[in-house]
C-alpha cells in the first residue's frame, strides 16, 4: 500500500508525508481526534475563518520540519534517517494531548497540562508501534543527545510556532500576521548543538517577533474571544457543580466521566478508562451538551448556555490597572438582583475578572541566537537595534472584567461606570 | 450602536455589513447556527482545510452581492435602497434552512428540502422583524417583479455560486478551482430584466464553467468523501431503526426528536416544536452522538460508528457501468458472514450502491447569456466555440459501490473482483 | 565560490540554482542580455505590470524543470546526473536567441527565427564551456535518445509553457490565466519514452488548455498591443528604407548593423560580427532610437515614432471576415491626403491589415496523452468529454486592420465605415 | 468617449480611474514616460522581478487614494469633489519629475531634485489643462488650507509609501515586506486637520515600520545594487569628462544635452529646451548608450560599461566604521597598476567609498499619531511599547567601499585585507 500520500493544504500547498511510520500515525484514532479540535478554540466567534484544527496544524508543522531537516542536512549537519523520522514524528504528535478547544479548557476538564497528556499518549502509541517512537519521545522530552532536534520541536523558533503563526493568520484573515517561514527556515543553522539563525535572516526574525506580538493582541487575546472563553469555563464549572449536587445533566458518557471527577496525572497511569474516555473527547461534545443545557431549569446554567450558543456574549472591559474591588462588588450586586440569584457567590458565575499577559520574547528561555559571518553569536535582543530589549523581555499584563451586557447598559445609564 | 461591522474573511478580505438590518439578521440565533454547519459536509476528511461553514459562505455571498449591486447601479440599473437591502438579505438567508453537514443529511432527518426550510425560517424571521423581509422573501421566491434580482440570488451565475466555488477551492487547497468572481461581476449587466454577461467576459465564463466541473469531480464528488457520506446516512438509518425498536439510544433531545419521527413540511407549520428543535440541530449533535454509539452493543451501529469517527472508511469503487447484481450479492454475502449478521438485509447497512451525476451547465434551466456589442444575446453554449454544447448539457452519470475494506481484500485475494 | 544561489521570484518563491554549470551560464553576457528583453513585447502598453523579462522566465522554467526531474525520478525514471544538468541547461537557454521585444520583431531585424539563433548561441557557449553543453544541445534538438527529456523542454506540456502561462498571468494581473503548474508536474509520467499525464490530472489539463486559450485572446492577441506591435514593425521598415536611401539615421552601431542589411542564418556562421552585434541588441536600443526619431524630418517616421512613444496608438478593427479591398483603399486614400503623403504606397506605412490566428491545441503536433489506471493512453482531446475536439484542433483566424485614429473619426463622421 | 477605464494591476487587482481629468493626465506624454523609468532603479540586478515602473506605482498610489478618500468621507470628513479630484491628481503626478532609474541618477544629470522637476512639470500641465490642476499643485506644495490632504500625498503615512512598500515587496519577491495597506487605510482619521491612525491600528503601524526597515536593508540598500548604482554614477561622470574634452561620445541627443552641461532649476524656467529634452529621458537612453560605450577606446569608460552591462559588478564591503584612509589608498594604488591608469585620481572612477544611512521613523518630521478612544493623541514612538523610540529616531549610518573584484582577490591572496 502506498503510504506516501500528498495532502492539499491551503497554507503550504502540497504536504508530502515523507515516511511510512508517519502515515500510520496520522491514521491512528488519537491523531484523527485532532480533526475535531479547533486550533484557536473560540476565536472563530470573532474571526469566522478560524475553524482550522490541530489536525491541520500538526501536518503543517511536519511539512516545515521536512524543509528544516533538508536545509540542515544541506549545510552539513549530521542527521540520520532514524533521527529524521523521529523528529518528524515528534512534531506530528506534539499536540496530541490537547483537549476540547485547545487551550481554552486546559485544566478545566483534567488537572493535567496538554503536554503531559501528549507524553502519555505518545508512550501509549510507542507500545502499539513496537517502540518505533522511542527516539521521537526522547527528542520531545529533550533527553536526546542532539539537542537541536528538540529545538526544532520546541523552542522560540520551532516548527510549531512557524506553522501556527502562519496558519492562524491565514485562516483568521489577519494577513498582517503572515510570517516568512520559508526564509526563516532557509536561514537555520546549528552551532554547538544549538539552533541559530544566520545573520542575513535578522530582519525576518524581527518581523517574526513583531508579527507574533500583533497576533497576540489582535487575535490570541482578542477581548471578545476572551469573553466567550470565560463564559465557557464558567459554564463547565456550573455544570460540574450541578452534577456534584446529583443533577442528571445531559452529556455524552465520555464527557460526563470528566465532569464527575477531575482526574490528575496519576489517574491516567492507574486507570485505563481515563485515557480511553479522554481519547473520545473533543469540541463537539461540549457544543452538543451546551445546546441541551440551554433548556435546563438552572437559571445560571441556561443563561450562560444560551448566551454562549447564540453568541450573545458578555461585555468585557480591559484596563492597564486592576479594577477597584468596590466596582466589582457593585457589578456583582447588580447581577445578583437582575437575575434573581441567591447570593453574591452565585454572581461569580456571571462576573469574571482576571489578568492576561503576553511576552513576545522570553529572555530567560532559550534565546534566538544570530550567527554572524565571523562566527560570533548574539542574542537577537542585542543583535537587533530595532527591537527594544527591555520591552521584549517584559511581560505585558492587562486586567479585564467580564459581565452581562444588560448590566453594563444599566450601570452606564445610572452613570456608575465606564 | 454601530452596526456597520467589518469582518475579516480569508477569501474576500474585509467584508462590510452594509445595512443595519443585515447586522441584526447575522446576530439572530438562526444565523449563528450556521457557524456549526460545515459548508462541505464531510469533505474535510479528504481535504483537511475544508472546515469552513455556511456562516462564512453566507457572509461571502453577501459581500459579492454588494459588489454586483454597485456594478449594476453604475451601469444605470434602477435599484432602490429597499431593493438593495432586500437582495442582500435574501442572499444572506438563502442557506438558513440547511441541516447538519449541509447536503449530506438532506432528507435523512426530515422529509423537507433545505430550500423549503429556508423559506419557513425566513417567514419566521419576517414576523420577528416586523415585515422588513417581505421583499427579500419575494426576491428569494422569484415572485418579485424585477426578476434579475432573483437571478442574483439564484441562477447559473448567482452570488451563491460565485462565492462557494471560490471559497471551496480556497479552503480545500484545490487552487485550480479558483474563479475570477471579481471580473465576472464587473461584466454583469441586465437586458430585458435578465442578468447577462458582457461579451468581454466570455473567457471568464468559460473558465468558470471548467473550474466548476473540476471542482465537481475533484472535490464535491470525491469518492472518499462519498464513502464517508454514505456511511453517515446508513448510520442514522440504523440508529433510527434501533430507536423504532425501543432502544434508548443516546442523542441530544433536539436530535432524538427527528430520529423518532421523520417530519414533513406540514409539521413545520402545525407544530412549533419542529422548527424549535431544528433550529438547535447542527454537525456537533451528530458527531457527539456517533462517538457514544461506538460503544453500543449493536454490531452494525458500533462498526459503522467506529469506522466513521476514526476515519476507517469503506472502500468505494466507481465505474461507468452499473455493477452486476450477482457481484453485489457476492459482496453482501461475504459481509454477512464476516460480520456475523443475521440476514442479507442487514448487510444493506454495510454495502451501498447507487449513482452519482453531474452536469456542468444546464441547458433547460435559465441559461448564461452573453451580450455582444451589437446588443445581440447568445447562450454561452453557442457563443463559445470552445465548450462542447452537447457535452455541457449532458448529465454525466457514474455508478459506485461502497463496502468494508476488509471484504475487498478478502475478495481480491480470492480473485473474485476488482 | 558558492554557486548554489537562491533567487527571489515573485511567481515561484525561492528559485535554487541546482548545479554550478547553470550558475556559470546565468552569469554569461548572453544570458544577462535577457534581462533587457521583455517577455511579452509590448503587452505592457495594455497591462502595465507585464514588464517581466525573458531572464525571469528562463529562471522560472528552470525551477519547474527541477520539480519535474525530481517527480520523474521519484516515479522510477532513469535520469543520470549529466542528463539532469543538461535538461536544466537546455531549458535555461531555450530562449537565448530572442531579439528585442521577443516575438514582435522576429524576422524584422534578421531573416532567422529565434530558435535558430538560440542554437547558434548554444553552440558558441558550448565552445566556451569546453563541450559541457553537448548533451543539452542534443536534448534541445531532439536528437538525444531519451526523447521525453526533449519534451520537458519543448512540447505541449513543456516547462516553458508551464512557466510562461503562470508568469504572464501573474504580471499582467489577468489572474484567471493562472494554471496549476505544481499539480500538473506532480502528474507527469513517462510511457514508451513519451511524457504523459496521469489520469487524475485530467481536469488540471482541461483547465490548462482553457487558461491558455483565455490568455491568447485576452493577453497575447490583445488588439491594442497588436496595434502597437504593427506600428513598431512599420517604424523599423521605414527606418530601414530611409537608411537604404542614405539617411544618417540615429541608432546605436549594433542596431544600425542590422538596419543596413538583413542577415540570414549563413551570415551568423560566416561572419563573427553578426553574432557579436546581435548579442548587444535588446529592447532599449529600439526605444532609445525611436525617441530620437520623433524629431526626424521624415513625416512618416516621426509620426509613427511619436504615436508609438507617447502611446497614441492606431485604431484597430477586428472582424471574422476579411475587410473588403475597396474599403481598405478608401482608408489609404484618406491617409494619403490627411498626412500629405506622395503615394498610396507610402500609406502602407500607416495602414496595415492582416490576419491573426490561434489554435489552443494542435492535433498534429505531439499530443497530450493521458495515462489511465489500466495503462491505457488516450489523447486529451478524446479523454476529455468537456473539450470540443474539432474546435480544439481548429485554427481560429481573425482579420484586422489598423490605421490612425484621426482617420477613423473622419470616416465615421462621413458615414463611410464602422 | 469612456474615460472611466479599469486597469489590471497585479498588486491591487482592478484599478479604476475615477475621474475624467485623471484619465487625460495618464494619456499625457509626461505620464507615459514613467512607463520607461523603473521604480527601483537597478534593484532588478539583485531581485530580477523588480522591473516595475513609476507608471505602475503612480496608478497604484492613486488607487489607494480612492480608498483613503472614501474612508475619510465615511467618517464624516468634509471633502468636496474638486478636492477629491485634486488630491488624486496630486498623487498621480507626485513622481512625474523622476529621471532615469529614479533616485539613482538624481543630481547626476541635472542639479535639481525630482520633486522640484515634478513641480515644474505640474505647472506646465496646469497650463495645458487650463488651470484644472491649481488645487492639486497647492495640495502637493502644502499650501492648501486642509493640510491633511497634503499628508495623504506626502507624510509618513502617505499613499506613496503605502503603495511603494507593497509594490516593491511584491515585485522583488521579498514577501516579508508586504504591509497591510488596506487595514491601515481603514484606520485613518483626521483630528485637528492632521491625519491620524485609530488606536486599533497600532499593531499594523508597528508592522508597517518594521516592514519598511526590512525593505530598507534587504532591498533598497542592498549592497550589490548599491555597487551597480555607484558604477553607473561613475560611468556617467567619466562620460561627461570625455565629452568635456571634446569626445564625440555616442548618446541620443536628448541625453547628450544633459551630458554637455548640468542644468540648474533656473534653466528649466529660462530655456524651454531643458524641459523638452528632459521629457524624453528615461532608463533606455542610459542603457543603450552604455552598450555602445563598451567598445569605446577609453579604458575607464569601457571597463565600467562592460562590467555594468554584463553584470560583472564591483565588489562591495560594508562596515560599521569608516575604512582607514591607508587601506583605501592601497586599493587605489592596486587599481591604478592593474588597469594601467595614469594617476591615482583616475582610480577614483574605479574605487568609491561613502556612507549609507537609514532612519525608519523620523521624529522631527511629522509624526505618526495614534488616536485613542478617549480622543487622546500619542506619537507612535511613545504609544508603542514595542518599538524603541531612541532607535527609531536615530539614523543608522554604514560605510562602504566598492572596487573591482579582481583587485579584491589580489589583495586577499596577498593577505592585505578583508
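Here the chain labels run A, B, C and D in written order, and each chain numbers its own residues starting at 1.
The definition used in the following text is that a residue touches a chain if its C-beta (ideal position, glycine included) is under 8 Å from a C-beta of that chain, and two chains touch if they have at least 3 such contacts.
Because the structure is a prediction, the values reported are computed rather than measured.
Taken over every residue number at the interface, the positions common to chain C and chain D amount to over half, indicating a same-residue contact. A comparison of the A-C and A-D interfaces places the larger number of contacting C-beta pairs at A-D. Computed centre separation for the pair chain A/chain D is 44 angstrom, with centres defined by C-alpha atoms.
Chain C and chain D have Cα centroids lying 31 Å from one another.
One finds 52 Å separating the Cα centroids of chain A and chain C. Touching two or more other chains at once are residues 13, 183 of chain D.
Chain C makes touch with chain B in their complex at residues 175-176, 178-180, 183, 203-204, 206-207, 210-211, 213-214, 217-218, 360, 385-388, 391-392, 396. Contact residues of chain B toward chain A in the complex are 7-11, 13, 27, 29, 32, 35-36, 44-45, 47-49, 51-53, 55-56, 59, 170-174, 250, 252-254, 280, 282-285, 287-289, 291-292, 294-295, 309-312.
On chain C, the positions that touch chain A within their shared complex are 6, 13-14, 182-183, 186.
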